[in-house]
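Got a structure for you, questions after.
Labels run A, B, C and D following the written order; every chain starts at residue 1.
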């Protein structure tokens, strides 16, 4: 074990981050130390990288410097003295919601929502580094057959799976509209296809993303930013006039909310995942919810660890192939290129994966047939 | 059987209704004819009586005259040739949602919501009469131990029970906030108390109603129109800091929506029953739904006939006593007095029951100890 | 419309059935008349054909003659005067559970189980004929893209789908053991694969059937009648030591029950579909159910019409291809060949479809590439 | 803090136990030390006290001496260095299922069932002592308004509540048959009554217990050991001919299993809690489960901590009063009298509570009006 490591660190409350050498993290006795094999860039990381208002309020300049990143896969190299479950050499990913066991929600089994939760890479140092430390309680042991570039994106994949399955996981043979074409919406298409949704509509904006959606199994591509097709009518026409059984709102815009409740059939389920740009958007409460007998499921994080379990099974089976969503891979040192990709609009990237080690980077390129 | 009957008929598109003699209704072979024992006034009847914009749009002047009323209990006196289930002398109440069996929702067992539904007393003649006709498909056979003045209010009671129980009926041992103090909110208090809610808060406005809520089992009375207590803080303080497991929105105001999502605990269930005065109210989507992992259940009508079955059992057991909500009883001829009570503000009435027959009226007064 | 039609009729309480000319059926005003495009042989038909003890008790010699058959697809040619939903030219299949609307279960939405139910082809004339009559209430409108030889087997497919999905339809990403290799078990494999089961084990007996299971997506084939592999240990080894999330018992033998509860993980779900040869088999109640915290779902028929809806969606999507289970097709006149196939052991047939019309037979052969 | 304490210790593999002075327990850093205020005798303790075959196999002579007892309430006096949730002076009860966080079931939120679980007082020293140590992970903080003699019996009350509510907690307005009249069945009556069961039948044996059942809210008392009433017919007659919505099997006899499945309505729920005397009883699989479309829920322990949460709410509300089930209270030193009561047949005791401190004993007697 070396004494220091490379890490991508947010040092100042302004755009950017620095590659630094830092000491290997120390940690409490119920945490573990992990050697990072792959880590990936989330929208949250981009917020912090840009240091927007949210970052300033949520993290605060006084808490810098802090290592970025929370999507990760790696090998456990040390375990604290009071760990009970995780062992050295376990190949893990981390759930980023570090729950407080005293919260009522935690006591009731809803570990992913709680009044006193901490987020990896937001409330403490993250995983854009050669090593990171994390509580044993949020470690998930990966199936060895899942390569690191896939294992690292299980965290956002989990968002997608939870949004698709909702609280009841009752999706088989149903119809679904997915609104949004960001990486998590694209994952959702793949999950929906594998889990027996019989008809999948996606409403997105960018050809680049829509093509990935098509590869992952979307049946009908509708553009939110084009008026050639009446989206509401189109979806009703293709669902026997009733609308879709399930709608996933993964865009967060007023238009998404308006259209989402319109294309939902009576008695259908609406997964609310997108963070609304307007914190108090206008909602068609009477017709969209009350008279429609709609079921709305607020989706935050992913179920711990029910969602992880299902995803491990699906990925290990080979039935779920989300690799088309990975559009870029870089060495950790080249994190700036990754962030640049993530900040460019119109988007021509979905998910960027970073590798601290050249060997892992080369192996991943080989697996994906990339030179 | 006489040739004609008394009926309270909406004749003109303006305030009021007329007591008329009309022929006994004729009906199709899968309908039944019912002798009314008791009928009661719903808020919908008041809208029609007043002939407000909703009535004008929903019913339309061209469809008058039409008999009012849909809350009812009576004895079946004739059944059509193709009826299979209901028999002469059955003591029934009517579900008012006359479903279309071809609607997808009907095929899926969600009889109470459908794209081509008719409402008794809105889309056809109603029950403020000595006799009324109704499809067999929406008849519910009452337990004979339930008196007519209670049996007639099972329809709005069903709204309350469905709102309390939501889609999953998972309420035992939980905490609940009921927002609103109209008759259905008051019923909800009674149902909640009998069904094992361990702590029941009501947020209302009128002492008259709040006293009924107290009788029916509310533990904490909070006033929406007074600022002596911080309602949000009060509820959190009395729920271990987390908020209530379940919130019933039965008021339809912006304040109700705002406070409702604030007092709901993370991962809790929010029953959306109130019709919002503002058709597109602003909702705290991010904090109230998404990050909170809330479950919202839109409540329209009541489950057919799951809700009726549970209510029959509860009423027949004597455990559920909703009689305090009945504040006025009149002979059918005195319907104007009933509507006057319903239109007076501040309200000093909850539910008005009308009796076409003097014998039934006298028997009901005797049962209730009224002179 | 002709006056008479071909029909396969059970005439005597002994092995066999006769091809007869019979009058076109008459029917009540809420029934419809259907021209049969395809019909298929169920195990129940074989019981009746053989006239075993069950048939003698269930149907009785005094009720003969009776037309056989209940799996069917056809075009509606007439509708009774009081039909509301089905129209002439609708392409339908029939749910065989003719529910009594007065049963409590029917009132509660559980149309498929009731105290006073009738079965098509068992309690009344069936569908092995050019025409058959059926209550509108059990007609299901097929998607026109589904060919008749598939549409007719939706009834047993519905058994399979209901067994796979259970009461909650929570299957995505889980592991499943299917015990049995009859046609419905084979359908179950196909449904499970399409609905996101991540690992599917089948325990069967016959190579012929197991090969079909493999085609439909089974991951692990285990033989109930060979001892080369310890089945219990094998399944545990391939499920992380815990056993499978879901077990489908579709064989009805003591061995199936014993092994089924052993390979179920704690807290898992066990679908009980197989009819036990021993009416009161010994069950490992303490370890298999109580201490295991198992959920057992008794499966009878299929949900009306939730199961039909999902299957229609899945079949129309092309995702679910159950055609490998159809191993034989005959003209209706050649019904004896079909029954002979069904009665031969070891089985080298799964599902036999019969066609009253030569045109339909030829079209089906062409679709399936059969000479 | 003293150095030693009184404890009731199983020392030899034969009938009985000894009152000893032992050192105050030491414990790992994620455990807590609790001063016992009340503890109560469970059937499991009686098995160990008698040292029957089960005890010999489950615990084994080589693991003696061991302190008995696992139902308990007390005050935390010390917390280990790595505890996060429980604080000194917390008033707690202990869940007895010490889960292994690495079990798949634990990862999926089913903490109460797991492949590597330990039981307090069975796999380690228990709570019949002045002090006991327990992992923080299974501590439940009591509401201070619940007296110790009630708080200690929350563990078996939790069994009852879980059996009543099943996996879905859908009980409001339904009918229920409870088979058995032991203490947990009696608790179940009380819970059922408070949670809105509209009609409660109990099938028991002993007048002493049946009288308690009546006090707790049973509507119909049926004797399993008398033939004056046809129990099956009686229950059907009182449930509209269909049978009960929910059956709780809490007796474990063949008769209970036979009758339980007969009185369950089609589509009903059967909670399997009783441990069957015959490990592989004969079950009417076809008619009782498959054709009936029954849902069977195996009940082991109680949900952690959903069941505890609901019970805390119900007890603190005063709505649930289970005190009639406490029939005897003793000082800890008089444990033999308690065990003698528990071993006497026919039973004239339900639950015995023991108090290590005279002050607590006197306070409890005063609360219960006992001299």
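Everything below uses one rule, namely that contacts are C-beta pairs under 8 Å (C-beta built on N, C-alpha and C of every residue); 3 or more make two chains touch, one makes a residue touch a chain.
Treat the numbers as computed from the prediction; the structure is a model and nothing was measured.
In terms of residue-numbered contacts, C-D and A-B present the same interface, as over half of their contact pairs agree; the other options in A-B, A-D or B-C do not.
Looking at A-C and A-B side by side, the one with more C-beta contacts is A-B. Taking each chain's centre as the mean of its C-alpha atoms, subunit A lies 43 Å from subunit B. Subunit A and subunit C have CA centres that are 41 Å apart. Among the residues of subunit A, those in touch with two or more other chains are 104, 108, 309. Looking at the complex, you find that subunit D touches subunit B at residues 161, 165, 168-175, 191, 194-196, 198-199, 219, 309-311, 313-314, 316-317, 319.
Partner subunit B is touched in their complex by these residues of subunit A: 104-105, 108, 110, 112-115, 167, 240-242, 257, 265-267, 272-276, 279-287, 289-300. Remark: subunit D residues 29-30, 82, 84-85, 100-102, 104, 107-109, 111, 137, 303-306, 308-309 touch subunit A in the complex.
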